[in-house]
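Chain lettering (A, B and C) follows the sequence in which the chains are written, and residue indices restart at 1 in each chain.
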Amino acid sequence: MPNNPLAGMSIIVKSITRIIISMVMVFGIYIVAHGHVSPGGGFAGGVIIALSFVLLMLAFGKGVATSKITKTIASNLESVGALMFLLIALSGFSGGAFFMNILAKGAPFKLFSAGTIPLYNYVLGLKVGVGLFAIYLAFVVLEKAGKRK
Amino acid sequence: MELYVLLIFMIFAAIIAIEIKDLFSSVIAVGAVGFALSLAFLILKSPDLAITQLVVELLCLIILIRATIRKDLPLVIEGRWIFNTISTLVFVAVFLFFAYTALKDLPAFGNPIMNVVKKYLEQGQAKTGAVNLATAVILDFRAYDALGEAALLFTAVIGIMAVLRSFDKDDKSEADDAE
Amino acid sequence: MTLYLLCLFLFCVGLYGVLRKRNIVKIIVGFAIMGYAMNLFFVMLGYKMHGRSPIAAIDQQVTNMVDTVPQELVHTSIVIGLGLTALLIAIAIKIYEKCGTFDITKIKRLKG
């Protein structure tokens, strides 16, 4: 990258990013939501959501991306995701065991079937997505501190 | 068949990634190994893994390029180079020989002894209601693995934030940001 | 059998990189290659000839699926590999800031 990476890229990249970024995020949410029907699941969908945020930061520079999701919001959302995972797991005690699948099974191939598996997918998607974006944010914030020395 | 071609391509790309002098080209070669691995997962009939490996490889490449973009190292060959290389190659040869004698006891490629997964495959759809059996195994039958993975990602995020903190006293906005 | 040996040879290429290279980024590349080789080895152990992927179909009964347990273990291992590589790169960047080089033979001071 010959330009300063903190200032974003040229105007062609910015225009295409404006069109594409919502499609990438919707695709990530689709893979998270259909985790129990087609290949995918919480982890792969979460990484795709994180990649859409990273695309925003690469194309528009550091200022625009951190005004939408600051470091504090990213840390808090990730902790909320981890806590909700544990809460859903603990709620299996009402069925008899830790991690027990207590919701209704439903008909196969439908979106609301398979008990607690879609809930785990949503929570994992949130946690992994925001957490990996927080990792990339930590790298970029360091670069600015390194330049000032 | 196709797996042989992919494996030989991966070995060539890995040798290039280790031996080339430019850091940037080495990172791109690791990216090639990762993409070929995703194709190999698809040939071995596991689409879940192919999706995950592809996107994780992409994020890994972005982070690696971030680290090597402006830092290079001139190559200097120190003394005792011949002895070190020969001893490493001898060690690798002994390792491969013992691996060959151990691999003869494995079942042949393509005929696994599926003792553990018989119950998962037969009763998986009836017991959980999920159609994708790989997701059902990782999130219902073996959910402790998912708990361990979530905990490990959390620890990795906290570890990276702790390593990359800066303690400058004259950098006020940095201190407020790290709060 | 040859497939298993080629996979372990890929592991040995990564191992040579970890043992013999002086640049920290090359060592991290060696770790990544070792992780890829091991993941491939596990999934190859569970492949069944003319098997199908472990997803049921609407209109037919699928009976010949490949082994699912190695796939789930490797799923966990891929994400763990990402966390490992990210943490190693963070440490390498910090070392470059403190000592000014990536060369491991020149990083001798523990303080400062």
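Just so it is clear, a residue touches a chain if its C-beta (ideal position, glycine included) is under 8 Å from a C-beta of that chain, and two chains touch if they have at least 3 such contacts.
Just so it is clear, the model here is predicted, and its values are computed rather than measured.
Each chain gets a centre from the mean of its Cα atoms; the one farthest from the centre of chain C is A. A count of C-beta contacts for the chain pairs A-C and A-B puts A-B on top.
In whole angstrom, the spacing between the mean C-alpha positions of chain B and chain C is 3.
Computed from the mean C-alpha positions, the centre of chain A lies at a distance of 23 Å from the centre of chain C.
Chain B has its Cα centroid 20 Å from the Cα centroid of chain A. Residues of chain B found to touch two or more other chains are 47-48, 52, 56, 59, 63, 66, 125, 131-132, 134, 138, 146, 149, 153, 156, 160, 164. Multi-chain contact residues of chain A (touching two or more other chains): 38-39, 41, 43, 108-109, 128, 135, 138-139, 142. Each of the following residues of chain C touches two or more other chains: 53, 55-56, 75, 79, 86, 90, 93. Of all residues in chain A, only 1, 5, 31, 35-44, 47-48, 50-51, 54, 71-72, 75, 78, 82, 85, 89, 99, 101, 105-109, 113-117, 120-121, 124, 127-128, 131-132, 134-136, 138-139, 141-143, 145, 148 touch chain B in the complex they form.
For chain B in complex with chain A, the touching residues are 47-48, 50-52, 55-56, 58-59, 62-63, 66, 69, 125, 128-132, 134-136, 138-140, 143-144, 146-147, 149-151, 153-154, 156-157, 160-161, 164, 166, 168, 171, 174, 177-179.
Of all residues in chain C, those touching chain B in their complex are 1-10, 12-17, 19-21, 23, 25-26, 28-30, 32-33, 36, 39-40, 43-49, 51-56, 65-69, 71-76, 78-87, 89-94, 96, 101-103, 105.
Against chain A, in their complex, chain C makes its touches with residues 53, 55-56, 58, 75, 79, 86, 90, 93, 97.
Against chain C, in their complex, chain A makes its touches with residues 38-39, 41, 43, 108-109, 128, 135, 138-139, 142, 146, 149.
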